Each structure stands twice: as structure tokens, then as C-alpha cells.
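What follows is a single structure, written as C-alpha cells, with notes after it.
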Amino acid sequence: MSIPEETTNYIDALSKGAPSRYDDLRVLVFNGTLKRSPEESNTEGLLKVPLEIFESVGARVDVVRTIDHTIPPGVWPDMSEHGWEEDEFPRIYRDLVVPADIVIIAGPIWLGDQSSMTRKIIERLYAYSGETNEKGQWAYYGKVGAALTTGNEDGGKHVSAMVLYSLQHIGMVVPPQSDSYWNGEAGPGPSYLDGEEGGQHNAWTNRNAVFMAWNLLHLARMLKDAGGIPGHGNNANDWDLSDPEHPNPEYR
Amino acid sequence: MSIPEETTNYIDALSKGAPSRYDDLRVLVFNGTLKRSPEESNTEGLLKVPLEIFESVGARVDVVRTIDHTIPPGVWPDMSEHGWEEDEFPRIYRDLVVPADIVIIAGPIWLGDQSSMTRKIIERLYAYSGETNEKGQWAYYGKVGAALTTGNEDGGKHVSAMVLYSLQHIGMVVPPQSDSYWNGEAGPGPSYLDGEEGGQHNAWTNRNAVFMAWNLLHLARMLKDAGGIPGHGNNANDWDLSDPEHPNPEYR
Amino acid sequence: MSIPEETTNYIDALSKGAPSRYDDLRVLVFNGTLKRSPEESNTEGLLKVPLEIFESVGARVDVVRTIDHTIPPGVWPDMSEHGWEEDEFPRIYRDLVVPADIVIIAGPIWLGDQSSMTRKIIERLYAYSGETNEKGQWAYYGKVGAALTTGNEDGGKHVSAMVLYSLQHIGMVVPPQSDSYWNGEAGPGPSYLDGEEGGQHNAWTNRNAVFMAWNLLHLARMLKDAGGIPGHGNNANDWDLSDPEHPNPEYR
Amino acid sequence: MSIPEETTNYIDALSKGAPSRYDDLRVLVFNGTLKRSPEESNTEGLLKVPLEIFESVGARVDVVRTIDHTIPPGVWPDMSEHGWEEDEFPRIYRDLVVPADIVIIAGPIWLGDQSSMTRKIIERLYAYSGETNEKGQWAYYGKVGAALTTGNEDGGKHVSAMVLYSLQHIGMVVPPQSDSYWNGEAGPGPSYLDGEEGGQHNAWTNRNAVFMAWNLLHLARMLKDAGGIPGHGNNANDWDLSDPEHPNPEYR
């Protein structure tokens, strides 16, 4: 079983008729599955829809399966400076997060909520939110973000809400309908990749995954062409939060 | 007590140095306070920061204090066609929601969550999400959304997460740092407008309210100049959700 | 279509073999559906499982369909003293909430969250949380609470989490597995009462509804027989929250 | 700075006047801080209130600071059987979780939500939820659960809601007012242990921590004396979830 052929044909036709070029864009996905490679990840299954779209329009895609990497928990940029022997995240941040135009936090649902791997990535991204760009904006300004979630039952919307909240809070733009998820009926049941009973034939989920991919492309294109978010009214350096009268003396 | 003068001066200076024109933009705020006019709304207090910014750059601002209106609960566009005697929402939708470029769902926190008035507005906005524009996109495409929240204690982030989730899910863009909130220390305590102990001197909240206002203006400007979100890959009419093979026969 | 006969037989057998008497217990349900009587409520459909159990063991059951009543929003015990013409809630509180041993907040899911009617009841219950019993405990001490939720898709766990949080926060005991819900696969689809495709044949949901009913009976029985929660360490009158040194002078 | 002396005296007086014996009870705390020992944990700071109460009435207390242990993420009881070199959790489960009467999930707030360490413990506890006791009830039946949370700002209620939801869903009883938290005003600010500005003088938080401790003791006492939750109507073995007609053939 896989995505219906007609759906695939439709998706391909959309890529061929793309209204712009996207081959300068970079996409970064964090997959928060609790299964290490090469075990099958259902989240990876649903990811195929947007990733095939990104690739077919020439965007570069990188996927970090968090659990396969040595990434300590913590709230400092480099945890190897805080007692941990190794920390791959600073390299991932510099090589993959910084150049990314599109960031997708993907992952499973456990007990109706985000996995520990998803929370860990959000913690580590947050640790860099103090960095600012040349306009004084937070480092994530100019990127667009999305949430993609699978579970055998209930929790897609809650997970999406918490992930998207985090992404916008640290500075990303959330495009329209940027939450793509599948889950089955209440109770134990098939997972996304489980044949006919799974999610690959769910037209609603497929549609939303397509909408998400294209809206991410549209907003990323728009922001890149505009040189990011205009640098006015959002300069972190203008504010001295320790002072209730607050605006930075330099500004005055 | 009110916003520190230096902060106000800084905000004014930002408006004077605005990098673009915004006097064609319309802003709509739903205030979900549980207090009817003319009782003082703390949420209205914090709203002053972004609203003064919008007004100073010439944008039109409309505020709907939900509790002051006859808006039945329900999930149909016009509840007067479903047994309710009166329903002001269809008019509010046509006159204020449709022409709005920026939509802010503001409101208080009760028991760490959204007020019943906030939930009601989200239900009623959702009831119109089946409408599509001339590109086949959901009716809210092209708008930008934000959440603004006050409470005497804990719950700002949870309320923001649920509000912003709803807005992006029905088609709005969520700009960077689009959640503006104030709340005090855990436990009973002052409300936003309660003098020195309240929130008006909280530099972090003031900063975020300013960031939110300007990021809403930036994204609204960008979207309006671009004619909305490009109409590719997000056409609701292309999909027949009742058919697992799904793409609309007309498309093929 | 309805609950499978074998399930019903099993449920009946459980009632006949009840290990105790429960005919002194009172159950109160708030149904937060957005549909007024006599329109069909899917939530009412799932409620039948626990309510038939309660009735078959002789407990008294009262159901308040919130939307059928004149209950203004607000955070005061009696909103008719705060500018509203009519308020049925004080009577509901005195006649039904106070004597209830078991309180179930039931309702639908909209956009993955609680309905405005559910939020309103939580606000109004919260307004009475300042009342204390003869032990100085909050008024809801001694009661047990549960959440029952239906939706055509995703959101059961999130709604349950927020409802149960509220109930324990104001003083109720939450028994094991006290969240009973049904929802279908991601996307548009059948509602609970929609024949074969709906939820009445979902064994997991039926099981959880049975577990919930019996665990509510067990804990309510236990608490009633014990005269409520022991009055030690939880006396609200011992604390003066306005004083950081806090314990009530009378205590010392 | 520390808890006000008068508060401490009051707490001690409560312990001396305890209405029952509790020295047969065991308390297990998981601290989900992201800081490894011996770094100071603010959550540990607030934990002192309930733990001193438990110890002063003779209950045994064990604290697992999750980050100090080799506990892989995952959803199987023993991850060392699923490719991980080492897994301390099976031993923790057998030696500390199984004999515990009271389980507290404590932890910090990051971006308004649970830490990755908190989510990991919930995942691992959930992995054992298939186990049943001699009555056919889920293994966690008979235990009582609570949430204790600290953060420098906003998120206490949301974290509590998700933690308590998880605990009741896997079978624990949640006593009244079982969420104890402290956080400061919106924005950057002091943490719980940060002197006069921190949380130790917050009478509301101290009160709630005391209420939580005593309500946990009361419910644990009640359940232990009753031999757990009565075994009627909640036997997992009676249900065959794969069969929509469901009740176990043996039952019939």
C-alpha cells in the first residue's frame, strides 16, 4: 500500500507547473521518532509527501533523525561545554539550521503529546534564540516552520499546537495550514504505514501535507526574495529588559 | 500608572520612522474578556500598545468585545438559520473579518486556559472555513493572525498556543513572535492594569507587544503587495475528500 | 446501530454483580454540546454507557445540557448580581452541584479543543471555588470528577487533559482512567452516532466508558464512606495568602 | 532565603498532629530537570516542602533525577532488548515504581511545556501500562499521582495538566489540588531558588505544596487500607479489543 497513484500524479503535476523557482531553498526536518535507524518510522512515511514535493522543485532537503545522533538534553548552545562528553547539536545548528529556509518538526504522538525527542530539539533550538542577525532580530527570523505528526490515535492537533507555538515564539513564520498529521480512530489500531488500514489513503491528510509543502515554499520564497522580515520594530538590541523604563540607552 | 514614558517615546519614534505605508491595512481585534462594557478590561489595557502602533501608521482598527454582542454559540455561519433568534456574527464576518488584513484574538486566562468568549469566536470563525476565495484557497488565506493574552497568573503560553494553532489551521499566516502576553507570579495577585504591581512596566511584555505589532504589519504588507498567498498547491477545490483516490475529476 | 448486544449484556452483568450499594450517590453531568435540544448530541450518545451503569445501580443522575439554560459567562457566583438579567447557575449549583458525588464534564471537540459551553461551565464552577466546607476545604472536596468527549476527529486527549486539570484544581478527586472519549480517523468523517462507521462499536471506547463509570463509583463510595477527604493539611482558612509569612494568626 | 520560618513551623505542627500513620507508605519522585547532579535544581527546591512532610510522617522517599541515569527513550519495558546497550529503567520500575504508593512527576518548564526528561519518564511509565495486577487492573491502579513544576515564568498549569492527564490515564488516582507549581511574572526573571525574588516566599505556592502533600497522604492511606481500587468493572482481561463485540469469551 502507498499513496494512491492519482494523488501522486496530481502532486507531480503541481511540481511541474510550479509558479516560481525554489532550487535555492533549503529544508531541514527533525524527525522525533523514538525508533533508531534502520527501524521503520511512520512519521518518515508521511514525510514522503512534502519531501517529494520539495525535492521535485529542486530544494535541498536534510533530515535529522534526532535519536540517531548524540544530542544531550540541555538549554545551552553547546552542552559539551557544560559537562557532556559530546554534543553534535552545535554542528547541526551551524550546518543545517542556520542555512535552512524551512524547518519542519516532525514526530510521533505518545500519550497525546510530543515525544521526548521532539521536546529535546525544541529545547536545543530555544537555546540559540538569544542569537541575533545583522538587523538585531532573533536568529530564526526569515525562516518558516511547520509541524508534521503521526500516531495511531488522537493527539495530532495538540502536538501541532505546541510545536508551532514554539517555532513562532523563537521567530519563525508559520504559513497557512502548516500542521499536517494523521492518526486513526480512538484506541489501539494501525499506524500510518500499516497497509490499507493506515493513513496513506487518507485524502484529508494527503491534501494537508500537499498544502503544507506548497505554503512553506510560497512563504519561504516570499521571505527570501524580501531579504527576510523587514528590520523595523523588532530589534532585540533596542531593549534592555532589566530596566522597566527599558529602551536601550544607545537608542535614546 | 501606565506604560513608561520612555517606552512610549520609543514606540512613537518607531511609527514615525515606518519603512512603508500601512494606511490601506485593516486590523480586527476580538476581545474575549468576560466583562461587559463599560467594565474595565485588563486585556484592553495591553491591547493599547499594538493598537496605538496600528493607528499611528494609519491602519484602520476595529475592536469587537465579544461579550457585548449577540453572538450565539454554534458551528454554522448563521445561527439565526438554526433556531437562534438573533445572530450578529454574519454581519461581523462580512463587514469586519472579510476585509481585515490582521486578526488578533485577545482575551483573558481562566484556570490556565481560554475564556468561553474566546472559544466561541474561534468556533464561529471556523464555521466559515469552508468558504474559499477566487483561487480556491480557504477564506482566511492572505490574513495574518496573532494572540494577545492577559491574566493575573499562569497560562499565557497555553492560551497563545491554542489560539495561534486555530488561526493557522483555518488559513492565516502567523508572523514571528506573534504571541504577546502578560501574567504575574503564581497565585492570586495584581492584574495587568493594577498599578505598579501590574504589567504596564514589564519591559518584556511591552517589547513583545511592539514586536508583534510590527511583525503583523510587515507580514500583512508583504501579503497584500503579493496579492495574498500564491494560488498553487493549496486549492481546496482540487480535492474530493470523500474519495480516497481524491483529486477532483475536473482537475484530471 | 448501537452498542453491541454482547457489550450491553456484559455491562448489565457487571451491574447485577455490584460489590456495594450506590443508591445514595448522585451523579451530575454537564453536556457542553453546541446543539440545543432536541437536536441529537453525539456526546449524549457516548454518555449512555456510563449513565446506564449509574442508573442500574440506583444512583441518581442529572444531566444539564448547558446550552439549553440561561447561564451567562462570568466569574462570579451569581451573574444576576453583576448586570445580567437572569442566571440559572446559582440554582444549578445549589440543587445539583453541591449534592453531587460524581461530576462529569462531557462535551464535543471543536478545532481540537473544548467547546465554549464546556469552558463556560468550568468558569462558573471555578467562581465557587472560594467556598469552603466545614473542614475549611474547598467546596468540591469529596467529589470525584471525569471527562467524557466525542468528536469526529482528533482532540479527545487534549480536551480530557484540560477538563480533568480543572476538576482536580478546584478540589475533586480524579479516579483512574477517568477520561472516556471517542473520535474517528484524522479528517472529516462520521460522528459517534453515525451508524457502523461511528463509535458505538469501538471496543476500546466502550471499555474505557465502563472503566470510567465503575472507577467513579468506587472512589465516590470510598470518599462518602470516609466522610470525604480527611481534614488535615488542606484547610484553606489556615492560610493568609496576602502575607508571605502566611499562616493564619488564629492558627498560631 | 528559604521558606519563611512561620510556614515551616506550621508545616511541622501539621506533621506532629497527623491523623493517621503513614510510615508504611512509599513515595517516588521523578525530577525532570535538565541539569545533572550536583548542579542546583530549582525543582528540587520546591520539592523540599512535600518531601519534608513525607519524611516527617515516616514515609519512605526516593528521588530519581532522571538525567543522572542511563534511561534510553523508547516505548518498550526494557530498551536493552531493543538495541540499547544499557537501560536502568527496568530496575527503577521494579524497585521503585512498583512498590510506590505515591508518584510525583516533578520538573521544569521550557517554552511553556514539559522538559524532554519529563516526557521520557512518561513514555517509559506508559510502556508498562500493559501490565495488570491480580485483579486484572492496570499496574498503576492503587497508586496516587501528582505534578510539581517550577519555571521562571509561565507554563505551570499546562505542564501540570499534561502530567496529571498521563498519570490518571495509566491508572493512578489524582487527589484534590495535586498540582503544585511556582513561576514568576511573564518574561525573564528569577528562578524558584533565587533569593527574595524567587518563589520560596510565595504563600500560595507553599500552601499548594502542603495541600498536595497531605492530599497525597490521605488518598494513599485510603487506597492502601482498602486494598487498592475495588476489582469490579475495571478488569482489562475481560475485554478483547480486537473484537468489536468485545467481551472476552471466557467471561461469557
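Labels A, B, C and D are assigned to the chains in the order they are written; within every chain, residues are numbered from 1.
Everything below uses one rule, namely that a contact is a pair of C-beta atoms (placed from the backbone, for glycine too) under 8 Å apart; a residue touches a chain by one contact, two chains touch by 3 or more.
These numbers were taken from a predicted model, which means no experiment stands behind them.
Under the touch definition stated at the top, subunit C and subunit D share these contacting partners: A, B. In this structure, the chain pairs B-D and A-B differ in their number of contacting C-beta pairs, and the larger number is found at A-B. In whole angstrom, the spacing between the mean C-alpha positions of subunit B and subunit C is 31.
One simple way to say how far apart two chains are is to compare their mean CA positions; for subunit B and subunit D this gives 37 Å. Centre to centre, using the average C-alpha position, subunit A and subunit B are separated by 23 Å. Within subunit C, the positions touching two or more other chains are listed as 111-113, 157, 161-162, 165, 169, 187-188, 202-204, 241.
Every residue of subunit D that touches subunit B in the complex is listed here, in rising order: 111-113, 154-158, 161, 181-188, 199, 202-205. Only residues 4-7, 9-10, 14, 17-20, 53, 137-138, 140-141, 157, 160-162, 164-165, 168-169, 171-179, 201-204, 206-207, 210-211, 213-215, 217-219, 221-223, 226, 229-230, 232-234, 238-247, 251-252 of subunit D touch subunit C when the two sit together in their complex. Taken together, the subunit B residues at the contact with subunit C in this complex read 34, 36, 67, 73-75, 83, 110-117, 119-120, 122-123, 126, 162, 165-166, 169, 187-188, 241.
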